[in-house]
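After this come two complexes, each holding chain A, first together with chain B and then together with chain C.
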Partner chain A sequence: MPFSPEDQFRADGNNNVPPPQGYWRFAWRSGNGANSLLFEQRAVVVNLGLFGALLLASVIYLSLGSVKVAPTAVLQALFGNADIMASFVVQELRLPRLAAAASTGAAFALAGILMQTLARNRLATPGIIGIDNGATAFAVASIVGLGVSIAPPAMALAGATTAAVLTFGLAAGNGTQGYRFIVAGIGVGAVFGAITQLMLARVAIDTANAAYPWTVGSLSARPSGALQLLMLGLVLGLATAMALARSLTLLRFKDATASGLGVNVKRRRLEVLLLSVALTGLAVAVAGPVGMVGLIGPEIARSLASSRSVPVLAATLAGALVMVLADLAGRTLLAPIEIPVGIVTAVVGGPWLLWILMRPQRSFT
Partner chain B sequence: MTVPRFATPNVRRATPRTLMLLLLTALVAVSLVSLLIGAGSVGPGRALALLSGAQDSEARFIVWELRAPRTLIGIVVGMALGVAGALLQAVARNPLAEPGLLGVSAGAAFAVALALVLGASAATLRISVAQLGALVGCVCVLSVARFRGVGNDPVRLVLAGAAFSGLLASLTSLILLYDQRAADEIRFWVIGSLAGRRLDDLLAVLPSMLVASVMVALIARPLAALALGERVASGLGHHPNLIRWLVIACVALLVGAATAIAGPIAFVGLVVPFVARAFAGPDIRRTLWFCLPIGPLIVLAADIISRVVVAPSELPLGVLTALCGAPVLIAVVRARRLPML
Partner chain C sequence: MSQSPTPSMPSLATQSLGMSYGTRQVIDGLDITLPSGQVTAIVGPNGCGKSTLLAGLARLHKPDSGAVLLDGADIQRLPTRQLATQLALLPQEAVAPEGLTVTELIRFGRQPHQGWLRQWSAEDQRVVQHALAAAGLEQLADRPIDALSGGQRQRAWIAMTIAQQTPLLLLDEPTSALDLGHQIEVFELVKHLAHHGRTVVMVLHDLASACRYADHLIAMREGQIIAAGAPATVVTPDLVRTLYQVECTLLTDPDTGSPLLANVRRSPAPA
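Moving on to the complex of A and B:
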């Protein structure tokens, strides 16, 4: 159905004109005139579905483990009237870890979809182009206490920024589309990975062993304070990304098209890049490099949502869901041995990445 | 940024022999340095005194029992990885095809970890298992390369290889987490290092190295013909598919053997042929000759640095090769025109 701004004007004040196909419109009057909001039906359904799945997965996450708590008991424990054992296990042990899993997954996936849109390259997730490794190297430097004693989140942010500057600087002139950019990023990541190894080799063996699970991506060793910072950053970042959603949609086109439609391309790019790098750094400070989530989350969101816009919220929810499920699998599959969540996501994400590469090429983003 | 150009020898025609002599001299010098320098208490002075005839039992043990085998192993590993890299790049027609990057070493490491979990323990078994794993990894990656034109884009092949080796590395660490005994047995092997390897390990891989060198000698000429294109090669009486399979077998033998001794070491197979081509030009036969001194040179130099930088402890060799190799990778990718082989 044809739809133009004039239609929306005429729709002011009365609901007689139907919204464009596939959309719901909410119109209301306020003091200074008529307002309306359009919601894409498919996006609403997808987001609600993902949110429901995330809630369900969370309840299962809280109930399974070395001590099993029945799902009904989980709900009771959450709202404060269960026996002391169940509420201790649920509230003190599993809930913080669930929060860490969901928020790191959400942050990685949000950073991933932002970076992909920015680079117009669906393989350009922070994990693949070396930003995770940069953040890890710097954070390990602060954990093993080399010289500076700045908190891991700040160091991870600095590392993510350094790696991003390097990768984008090396790509300057060649553009970010295509595979060369990605391989330059892999090179940057390899350098930072080697630096991490170097630092781990320099310190005492027990310090290195303590830092090891974290360098492959794990939720069992969370530096204190990092999670609160991440949650704050995630809320702010998600709000900013939602506010930018309209220009993100336009950034998928050529620069000329986007600026013709009123986007200040350079400035918006920089904002999106900063947002993505900051989210990656904060998330790495909590869980280490679990970069594959940044690839899987957006892929799931894109396959569910329509291609009318960039599915920012759906990618975030899908990332949280993937991370919660991956950590659940890591905790329970080989119990009592705990598989670091980074290994679970790599085992799932590796074949997925290969499949993307071997599929006949279509347009990116 | 200046990148050495491929396929256009800046070197004058008459110089390869001189260059080769220079490289061999450098190799002898580096081997000597490798005997003299170490992380422990025996410094260059004591070692030199020992070499000129002094009686010093501690120095004798350290130099002849620890450093000499290590140097020999470094030489063999460097040769094997360099030649394997050059072969793989020639057959994939891709300057970025490197056994470590494409997951061949990761395949070998995974196979060894799997064999250990399934109950194998003998050190001799490790070599054939590693070679089998390298073979499977090689075949997997090259079939991906021929699949839907992934191999037409050199850089895309690297990405597929990175995904593949990342997957194998995660599976390996999964196995190590699962089985503590296996983890203890190969923890120091899986990061790639020359430290603490015995001469027996070297003797065990020597037969397969010899087989591989005979094979390389036989396929060098057909491979040079294949560089002119499949049709030209068939027209000259060679069988392209047979050559490819022989090369794959060769690479698997070499990388499997090198990985079995030293663990997975990435980027050597990228850097060595890169330098060798800059010296030798486009001819694969000459490149292979140049790989023979350059590979050991780079591995030994990296090994010496790895003993010195964090003394008294040691750095895994793989870390250093990654630090040197990744900039080369970036330089190749950044070149205005991607060099095609």
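Moving on to the complex of A and C:
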């Protein structure tokens, strides 16, 4: 970083610089000069709150079900000193599914807020522009065994990429802006949805039954390995998204403004797009198309956070929270019948979407 | 308050620059040099290529041929971020995310100077305060952008480019949606910036304001430069006719010596 001579003079005052209103500032000196970090107070509070809520929801998730385990016993089981029965239920039965719920919810919501920022349109989530359906069609193809025996995560990634390429190809020229992009995406999604149904209609009933949860979104049948892959992808994806957060904030401006402020807009868009598509593919491989979370998570984050920046972390946490609560409701409300999580989120998310469309506008851009 | 240190003055020029949109060649073989420390206005009829030229200067569009040279180096080869420390851009009808305040907008101007471990330096704090003062926005510092008048809003955007501390400033029709009083607010701020060592280039559709506020005028028609120089020397009734197909009488402003257009009327239809 270039320093002006004046800054060198003032470097000793590095600790006394007043932060912008609403921020905390931490400053220190090191070999390369005066360092400083800013934290937006409201974002810190929101993220801590959402994280706390997620922990609380997780304990409740592990506690409730056909076998009830008291919250204190849940904690004991997690730290390895509960009775065998509680340990088995918590650690073997519920914990992997909790991990699947939290990480798919986080991935869908992160992919959602990235795509919304890219398109400057809060309706432009991967679920709506057909990427979920593309990933699902490919994954179902591998499950019903249509000649391909590639692992579902790889197939889902391939499907997500195919759908994204088609959507962007059909919206050619207009990039990610405007309705053409969304309409093209809805079309692509509809075609892949139909292909999925067609495949299910043509295979034996048992196979179709096995693949059915995939088409609505469910956490009860998780392909082995898919969850581990998703968790790895989520950690890398979230780290990347947070590293990009400063320029994501600038992508909310017109391209010319962002570019004038030093953002390589084309490259950044491509990075954000790839990240969003990859996260969607990995999450669909675990849970099927639960695209509604990609809409709800960012919406909750935006309603809690300030408009100063893109609430990447808050959206991710909110997505995880929504998915955990939705799956908890799906498992317990009509027990012993289990409602697939995709149906729970659709039942909640549909009215939510209508409310977004109908309430007085607080536009996203 | 001390003036923000203006780095050594870089020169901006084009070398046989050619640019097109799709298959339409908009400008071709353009050679211009923008005088340092002055206000240059690019004028011409609609569709003459003036905004395309500005987009080329700001590296928003890639030229098909030729180059834009910053201190003799092709700007296509500069990293985006480095360019943003040399050249600031105010696009036409810039829009801020809803709810953003004046100070928050101005802070974005510091972006090219900041980094992961340098998110808010003493310099950032000082420059943002300076930009607020230079644009006369201290009283409005915490006001949301959408609650400002057109002129105030445009001054806030210019303040953002001031905070960017670039020696070069490009403005695309900075006054196009403003009434006369607000236009003057913006032009006087621009003039002030040039007096303090910035090179300003603005695209204007209004020849009268260009005559009044520019030190250097570039007149374009159909992608070609048809005149360049001080308004008092290059603006003639012939030039005005060539540019806009109108007749006029030229007077000299008794206070400033800049040309004034009077009795503007349609040219008789060509035979």
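One rule holds for everything that comes next: the second predicted complex is superposed on the first by the 339 of 365 C-alpha atoms of A that agree within 3 Å, B and C clash if a C-alpha of one lies under 4 Å from a C-alpha of the other, contacts with A are read in each partner's own complex, and residues count from 1 in each chain.
Going forward, contacts are C-beta pairs under 8 Å (C-beta built on N, C-alpha and C of every residue); 3 or more make two chains touch, one makes a residue touch a chain.
Every value quoted in this text rests on a predicted model; they were computed, and no experiment measured them.
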> Thinking of the overlay built on chain A, is A:308 touched by chain B (first), by chain C (second), by both, or by neither?
Replying inline: second
> Is A:29 touching the first partner chain B, the second partner chain C, both, or neither of them?
Replying inline: neither
> Does chain B (first) or chain C (second) touch A:68, or do both, or does neither?
Replying inline: neither
> In the superposed arrangement, does A:21 touch chain B (first), chain C (second), both or neither?
Replying inline: second
> When the two structures are overlaid on chain A, which partner does A:339 contact: first (chain B), second (chain C), both, or neither?
Replying inline: first
> What residues on chain A touch chain C, complex-wise?
Replying inline: 1-4, 6-7, 10-11, 13-14, 17-21, 23, 25, 32-38, 243, 246, 250, 252-257, 259-264, 306-308, 362-363, 365
> Taking the complex as given, what residues does chain C use to touch chain A?
Replying inline: 5, 55, 58-60, 80-85, 87-91, 94-100, 103-104, 107-109, 111-126, 142, 161, 164
> In their shared complex, at which residues does chain B touch chain A?
Replying inline: 96, 144, 147-148, 150, 153, 155-156, 158-160, 162-164, 166-167, 169-171, 173-174, 177-178, 191, 266-267, 310, 313-316, 318-320, 322-323, 325-327, 329-330, 333-334, 338
>> Under the definition above, what is the set of chain A residues touching chain B in their complex?
In response: 123, 170, 174, 178-180, 182-184, 186-188, 190-191, 193-195, 197-198, 201-202, 216, 334, 337, 339-340, 342-343, 346-347, 350-351, 353-354, 357-358, 360
